[in-house]
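You will see two complexes here that share chain A, one where it goes with chain B and one where it goes with chain C.
Here is the complex of A and B:
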């Protein structure tokens, strides 16, 4: 048969190695999705069902009480990072699907990136520098449970 | 013996003909700027298929109606079209299975350039098919056939059924968006060789499909699985290729 005379191609396919980001993006969406199911439902349960008074009990004092515990600080930071990146990566996917114009696509994806980074930094700062009774504040601005009040 | 024959009802009387309304999306590139719907009435038997209705229109009413068909028996994959909003083969869709109290809407498959009436340019579809190297690649040169166990053959049996009709790819919403995505059919045909024990180029194909426009664009909407006239579990095949890319081998 002729197969004996055909040699293998001289050069194999050269891998482009350009974007493996899509693979990691896909993996991230699966991983963060599974974690978020646990994080979000536990968050909803402790805020709405476990405590006395349900949704009406959520106020400044409730949040201050929760963030007095480092466990909830870590929990809420995880929730913030996983959910925000999950959401903005989903938005990026939709933009790549529906925005045909390359220039416009780049502008929107860049805007998404910037807004996500700003929100992540601001959110993390709020969670970790939160102080319900800052020193030097006017007593009238402070909530009722602060000792200076 | 003869009494049995006499008691048999006359076959011609038993089969009732009915009139069906066909709405065909026509497009003539020489005269039309936009496709338009045209209504036809056809006399059908319950055993007739949508393809028979199209034949009746082309042969008896309007010879300019343009569509593709070759074998007319669900094997060649030429006559995939959108029938009542679903991608199907005209030669495998019986009129009696459709709601003929309403018009039957027939249009070209979506996402590929429309050429005329029900005919689209299949080149982008075949271009991505060619890109996944859909042929056996092996360095061994056996004197006889390449042996394979029944289990090894069963591993990729489902994806050998593809007839390249493009019903899956042209039902995929991701393919509709910009046509850059490889599409389900190309991934199905890559799957057919990636999981073939005789083939040695799985890693190359996995690398090709680990692309920006590769398997990661699949959103598992299952449109492809629903559209496949051969009943291939297309979405599952894509998921298996994704898992293989993550593993790095078949």
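Here is the complex of A and C:
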């Protein structure tokens, strides 16, 4: 037997970034995950279980009734941000795993980023600029607390 | 856990026994609770993500008009969508419970040791959750 010599491993590349984004992403999935368990189970319970009729009871008046209370506005905004960022980061992980072509991978991850930003802005505006009694709507579509038109 | 016994320089080639034929158990991640929980976590996660995209857009219709929102939500009040909603809640339930299992594996000292047991606890809690949800959901969906 001849003595084999094994090259010393290359020294690790020094990260140019001072922030380890992958670590914070990993932690975010776990932190947001715990919060989402509570937020989503309560969301499902109030919308599908607690009321008479489940999904059949959901209409514009139901949403207006919930968002008359700032508690549910904050709740739904938290749901929107935590869930969409959790979901798109999970999709990014899956895309990184299966898309071998680097150019295509970057395009898909960019599409995930852009769609998430658009939906976060849209959803936040919808919750916080919501008007429960818009002019011009049929009175039968509006919640009972709206003044008669 | 296999111990590191090989010395890299000067030692004779270590004898590695051929793998036993048939089912190799306990040494492989593949095909066991660990793999299937991972597969289900991905499938449920992707499904929930695409529902979430649709759900943000349908809710955004409250800002268009009450009639537009009611028209789209009306399409959810059909038996097929009701069954889809049941599957969605089942997917969310599994993803949530298995997500808590992943957190325990990552942060609890004995988590890795008990990951298989925790998988079956996840399945048990998931079934209990569905026993609570599915009958009420189906009564709502199929009643007039």
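Operating definition for what follows: the second predicted complex is superposed on the first by the 116 of 149 C-alpha atoms of A that agree within 3 Å, B and C clash if a C-alpha of one lies under 4 Å from a C-alpha of the other, contacts with A are read in each partner's own complex, and residues count from 1 in each chain.
The working rule: contacts are C-beta pairs under 8 Å (C-beta built on N, C-alpha and C of every residue); 3 or more make two chains touch, one makes a residue touch a chain.
Just so you know, these numbers come straight off a predicted model, no measurement behind them.
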| item | value |
| --- | --- |
| First (chain B), second (chain C), both or neither touched by A:130 | second |
| Which of chain B and chain C A:119 touches, first, second, both or neither | second |
| First (chain B), second (chain C), both or neither touched by A:88 | second |
| Partner chain in contact with A:63 - chain B first, chain C second, else both or neither | second |
| Partner contacting more residues of chain A (chain B vs chain C) | C |
| Touching partner for A:30 - first (chain B), second (chain C), both, neither | second |
| Chain B versus chain C as contact partner of A:98, first or second or both or neither | first |
| Touching both chain C and chain B, counted on chain A across the two superposed complexes | 3-4 |
| Touch list for chain A against partner chain B, complex | 3-4, 8, 12-13, 15-16, 18-20, 22-23, 25-27, 97-98, 100 |
| Chain B to chain A touching residues, read off their complex | 139, 141, 174, 177-178, 204, 207-208, 210-212, 214, 216-217, 242, 245-246 |
| List of chain C residues in touch with chain A within their complex | 8-10, 12, 42, 45-46, 48-49, 52-53, 56-57, 59-60, 62-63, 65-67, 69-70, 73, 76-77, 82, 85, 89, 92, 96, 99-100, 102-103, 106-107, 133, 136-137, 140-141 |
| Chain A residues touching chain C - in the complex, by the definition given at the top | 1, 3-6, 30, 33-34, 36-37, 40-41, 44, 48-49, 53-56, 58-61, 63-64, 80, 83-84, 87-88, 90-91, 94, 115, 119, 122-123, 125-126, 129-130, 134, 136-138, 141-142 |
